[in-house]
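Letters are used for the chains, namely A, B, C and D, taken in the order the chains are written, and counting of residues starts over at 1 for each.
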C-alpha cells in the first residue's frame, strides 16, 4: 500500500530563484520521464480529435515557455523554427493562426529527436534566464513561470490519458508499462457523511498559485447534504449495467440517452466483453475488471444516470469543496507510479470522506461557470480558462495521473459531459432539500 | 401604445369546474386562432429539425390531453387513430416508441382537416369529462389538466416561432400577418440599477401552478450586482457588428467562436443585408431593421460576446429573479397581437428595470440545472423538464409570443446556447465582486 | 389482362400546328390527372433530396415552357412571378442561380392553387403561341416544343415515383389509388434466347424525336450472348435473400457491399417484414409480396449481386438494344393505370424476349457514357443529358409509370448505382466469350 | 536526359526457379529502397483514408505472400503474429475480418523495426520455399507468386504517392529526396495523330503475366479518331485556370462541378499560390510550377473539363490501346529515379504519340468495366479486380512512380473520378464521328 506524500511545490508562489529553477527542472524532467516507455512510433499517433500526439504535447509545452516567458523576457528571442509557433499553438487566438487541431497526427516532422532538441533549446534559454535575469524582472515573471509549470503538469496528465487512448486503439493491446495488479482485500463499505447548511466561502484565497477560474473567493449558500464516503466501484457499476442501465432511457439525461444510442455505449470506455467476461484496457494492458477498483472512464452522462439509478445524485462543486476543506491533500496521484485507480481498502478506512484526492476526477453536477466577479487575466493567457465556460461540467480532486503538487481543494477541472478518455469517476451525494 | 393587461388564469390552481372548462376552451381556441393566417401548405413544412410543422403542434397538444388526461380518466378511452400515439408523442420514452423528430415534415397525412377533426374529437371527450366527471376525480386530475393548459400555451409560442422560421426559408418572403411598424419615438436611455448582496429566496412557492423545475424554493447567496434598466436595442447591437464583433475571436466563448465560423454568422438570425441596408424577416414580412427595437433572435453565444464587448456580462437567473420580484407581470406579450418586440419609449420610463416581461426572452448566464432538492414528478410527466438539465441556458421573462397568463417571476425557460429561432434577446448586468 | 396499345405521339416530329396543340394539351392534362388522388398536403413534402414535391414538379415543367419556348418566342414575355425562375430551375447553370435542391420541401408558397394558376398562365400563353405564331417560327420552335413534351412526360414519371416515396415515409401507409391485385396465374418459365456476334448499328436514327444522348448512331461489336426471356420475379429474388444474399460480401461490388452495410439493406426498397411475412408498400398501399410480379425497386448493386449469385450477369445496353430491335413497343406502361409491375403470365408467352418494354426499367451493366461523336445540343438545353455522364448506369425499356408515347428502343435512362426509388428491375444475360 | 531501359522481368511467366528467386529478391529489395529517405515517424502517418502508412504497405505486401503463397505451400505455416492477418488484410472478405481502413494510421505497433523483422521472417520462408519446394508444386505456385510480385510493385507506387501526400500535409514542406529540376528546353508542339476506324482486338493475350481484368482479348469496333501527340503541360493547363476554368460550371460534369465547389478546387492537387506565383509540392519539396512539365495530380473531372474547354475529349481505353500497340514500352518510370513527370523536349520528338508510357497515368473516358466474357479468378484473389468495376475510370500507361517491368500496353489502372493523389494527367483526343 502506498504511503502518499504531501505536496511540495510549485503550489506556493516562490520568489526564490533557486527554488524556481529546481521546480522548472523537475517538471520538465517529469514530462520526459513519462515518455520513457514509448517507442518512436507511439509519439506520432492522434487517435481521435481530442487526443494529441505525445510529440505534440512535448513541443506545445515548450512553445508555451517560448511564447509567454522567453519572448516576454528577451525581446530578440527567436524560436528554434519559424513554423513552430504555428504548429504548436493550441488555442490562443491572440497569438496568431495555428495548425488545425484534428490534424496534429498528420505531422511526421519535426521528428521525436527534433522535438527533444527543441526542448533542449528552450531549456537552455530558460536556464540562462534563471541565471541571469535581474531580480525585479524575474519577480515580475514569476506568476507566468508558475503558470507554465502548472501548464506543463496539465499536459503531463494529458500525455498519459492520450497515450492510453492511442494504445487502446491497437488490436495488439500493447502495454505502456508493467504495474502490479491491485490486491483484492475487502473494500470499505459506502457510508453517508452529513454536512450542515450554511453560507460557505468558496474559491481560492491565498499566497500560492491558483488558476484564475478558482476565484474570486465568494460566499455561497449550501443546503444540507450528504456525501458518499468513497468512490463508486466497478462492482457497484456492474450492477447498474446488469440491471439494464444502458437500455433504460428514463435513467438518462436527454442528451445522454442520445449519446448512448449514437455511440452504442454499453459500459465505460475501455471495457470490453471477452468470452463472457468483462475486461478493460489499462496502461498495463488488457486485464479482467477488478470489482474493487473505483469505476473509471465514465462520462458525466453515465455518472448522472448511475446516480439516478441509485436514487442519489452527484455533488455540486460547492458541496465537494466544503467537504474537502480541511482534508489532507493525499491520495493515489501520478507520483505513486500506478497510473490506475486503486481500491479503498477497509483497513485504511477513516471517518471522513475518503479518496477525495487522486484515483479519479469526480464529476460534479455543476456546469463550469465563472465565479461571481470572475475576470480572465489580461493578454493571451486570458484565453486559458474563461472561454471554455460553456457546455462543460466541473470535476474535482485529481486522478491517478495528476501530479500531487498540481492539485488544490479549489482546483476546478472541466470536460464536456460526453468525455470519457480522462480518468473520471463517480462519488454519490444526496439531500439538499430546503426547509422554508 | 399598448396598455398591457394583468394576467388572469390559468396561473392559479382553480378547482372550480366552470373555470377549468372556460380556461380549457380559451386555450384551445387560441391555438386555432394563431393558425388563421395560414394556408394548408404552411402547416406541413418542417424547415429544420428544431422546428415542427404547425399541423404536428396542433395534433401533439391533443395527444397530450389524450395521453395524460383522457386515458387516465377513462380506462376504455381510445384515440381517434391507433397510430396517433406513435406520430404525436414528442419525447416521452415512458409512453412508448415515437416518430423520429426530424421526419415530422415528411408526413402529409393526417391532413390539416383531419388534424382539426382530431382536435374536435379530443375537445368533445374533454367536454364530457368536464361535465360528468365526479368532483373528487376532477379534483385529482386538476393538476395534470392545468399542466395540459400550460403545455398547450408553450406550443402556441412554438407555433409562432416555428412558422416564422418556415416562412423565412421562402425566397418569396411571405408575411404571416400585417402589423403596424413601430413608431420611432426616442428610446429610454440605459441606466444601471443596483441591488444589494444578501441571502435571497429563489424559486416558486405558492398556491398556483408552476412547473416542477421552478422549485423547490431555496436560499441563494447573491453578490451585489447591477442590472441594465432595459433591453439592448438593435442600434446598440449594430455598433457591435460594425466594430467587427463577429470577426474578433477574443470576444467569444470557444464554442461560440467555432459556431460563428461554421455557421458563418454575421448578424442575428433573420437579418440580411440588401443593397447595403440591414433588413430583417419578421412575421409581417421583410422590413428594414429598426434601431429602437430590442435586438432579437440572438444566441447565448452572441448575447455573451456582446456583453463581453460592452465590458459587462449577462445576469444570473437568481439576479434576474431578485430584480423581478415585486414587479407587475406586464409587457408586450402575445395578447398585444404585435408578435414582435417593441421599443422602450422614453415617455414610458420608470425607475425600476423595464421590459423585464415580454418582448424577448432574456438569456441568463445560468446553465439550466436542478434546484437543490429538485425531484421530477413521478410517471411520464417527470420527463417534462428534468432530463433536459444539461447543455442549456436559462432564459427569463417571456417574449412577445408568450401568453401573459403563462408567465411568472420564477418561470425558467431553457435553450441550447446556439439556438436563435426563439424570440431571444439581451439584458446586461455587471458587478458581483465579493468583499471577503 | 391489359391489351397494351401502340404508341402515338409525340414520338414523331409533327409539323402540324393542330397536332402539336393537341399533344401539348394531352401531355399537360395528364400531369394534372396524375395529381387527382392527392390532397393538398401531399404536394408539399420532399421525403429525401432525390425526391421533389409534386407542387415543384408541376411548376418546374411550366418553368421549362416559359424559359425555353415562351421567352424564345416572345421577347417581352414575363413570368407570372419574378422569383419563379429562381425557384423552379432544376439544374441549368446557364439560366442562372437556382433554389437549393434539397430545400424544395421547405417552400409552402406558392400554394397548390397558385401553382395551378401558374400552369393556366403558361397554358394560355402557349395556346396563343400555337394559334398565332407564324408558320416558319413555329416550325423553328417545334424541336424545343417536342423536347418540352418529353420533358413533362419525364416529370410525370418522377411525380409518381416521388409521391410513392413520400407516402411510404408515412407510418399510416396511405394509398395513392386503389388498384386490383395481380391475379396469380402461372408465370412463364425463364428461357435463354441466343444472339449472334456481329457489328451492329446502335443508337437513334430517324425522323422522329430522340434525346441527344441516343446518338450518333454508330457501329458496335457485340459478342455472342444470351438474354433471359423475361424479368426476374419477386419469388426468384426471395431465394437470393433467403440464401443470405445480403450477408455475403463476395457476391457484391465493393461499393455495393459498403452500401448494403451502411444502409442496412436486407431486401428491395419498400419491402418490410411484418409478422414473419414480406410485405411491400405500393401506390395502392401495403400489400403482401406477390412472388409472380417482377422484382422492383432494386439498385444496380442488388441487380448485379443477384446476377452474380445466379452465375449470370446483366446485359450491356448494346445487347439490350440488339434484342429489342424489331419488337413492338408494347407493355405495362402508365396508360394501363396499374402503376405497378405485373406478372408475365404463361398464357401470354411468346418466342422472343418478353417484358422488354414497360413494367420495370432494366439495369444494364453499361456505365452511362457518350456515344462516339456525341455532342450536346448548344445553349442551355445542352445541359439536359451530357453533364450526367459519370457514375451512373443505363437503364432500358421504360416502366409501369412511363408513358408509352415517351419510349423508344434507343431510349437511355440513367441513375446512380445506389438508386432504388425508381421502378427498376432485373433481366439476366450471359455469355459474351470471345473466340479469338 | 534519361535513356529509358526496356522492361525485364517479371512480365514473362518464368518457370525458372532461379529467375523467380531473383525477381522476388529484386522486388522485395526495391520496396525497402524506396523507404531509405524516410525517418521512423514518416512510416506511421495516414493523411487521409485513401492513403496508407508506409509501415502498413510494407507489412501488407508481406501478408500477401503469407496468405496466398506460404499458407498454400506449407500447411503448417504460421504468421509471425496471430493478429497480423487481421491488421494487414486490405480488402479480402474471403480471408476474414480486417482492420478498418481509415484507422491504419492509429496503429503505432508493430513498430517500423518489427515491420522489417516481419519482412525478414517472410523472406526467409520464401527463400526456403524457392530452394526446397519440389518442381511441380513450384510450377503450380508460379502464377500466384508472379501475382505477388506485381502486387508488391503496385504497392511500391502507392508508397510513393502516399508518402508524397503525407509530406504535403506538413506545413514544414519536407522533401522526400533531392532531385534535379527539369531543364527548360523547348517543349514539343502538340500535333494530332490520326487512326482509322476498324474492328480491333483489345486486351491481353500472351504467355506472360497479366491481371485478370486485361482479358479476355476481344474484338471492339473503334471509330476514326485522333490522339494528341503528347501530354498536356502545366503551361497549357494554366491557361484553363486563368480563363476561369474552375469557375465555369458549363465546362464540368455535374458531379465534377459539385466536387469543385465542395472541395473548393482552384488548381491541381499540390498547387498553391505563394506571393502571386504558383508553386507545387513535389517529392523534392516545394517548387515553382514548371510550365513545360506534364500537368499532374488532376482528377478525371478536371481532365474532362480541360478537354471540354479545348473542344476535345479524353480517349477511350480502346483508342489508347490501339495507339499504343507496337510502341516500345519506354518512358520516365520509377527506375529513372526522378519521381516526377518531365517535359517532352522538342529534341526528342518522333512521329507517333509520345509519352504514352511513364510520366503520368492518362485518364481515359472509359468507365472501368469487365471485358466481354470476363470472369474473376476463383478463390480470394478473385477479389483483386472485379469487385471494383463500378464508379471508376480507366487510366493507361503508367507513371513516373510505376516500375517499367510492371506495365504493359493492355494494363488497366483505375481510380474514382475525384482521385487526385496519384500521378494522373491528361492526353487529349478528338473525332469519333460515325459515318452511317
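Please note the rule applied: a residue touches a chain if its C-beta (ideal position, glycine included) is under 8 Å from a C-beta of that chain, and two chains touch if they have at least 3 such contacts.
It should be emphasised that the depicted structure is a prediction, and the values quoted were computed from it without experimental measurement.
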Contact-graph distance - origin chain A, target chain C: 2
Most widely separated chain from chain B, with each centre as the mean of CA atoms: D
Centre distance in Å when chain A and chain B are each reduced to the mean of their C-alpha atoms: 38
Distance from the mean Cα position of chain D to that of chain B, given in whole angstrom: 60
Centroid distance [mean C-alpha coordinates] between chain C and chain B, Å: 48
Multi-partner residues of chain C (each touching 2 or more other chains): none
Pairwise touch network: line, ring, star, complete, or other: ring
All pairs of touching chains, each written as two labels joined by a dash: A-B, A-D, B-C, C-D
Complex contact set, residues of chain C against chain B: 39-45, 47, 55, 81, 83, 86-87, 99, 103, 105-112, 166-167, 169-172, 174
Chain B - residues contacting chain A, complex: 91, 93-94, 199, 201, 205, 216-221, 223, 249-250, 252-257, 300-301, 313, 365-367, 369-370, 372-373, 382-383, 387-391, 417, 431-434, 436
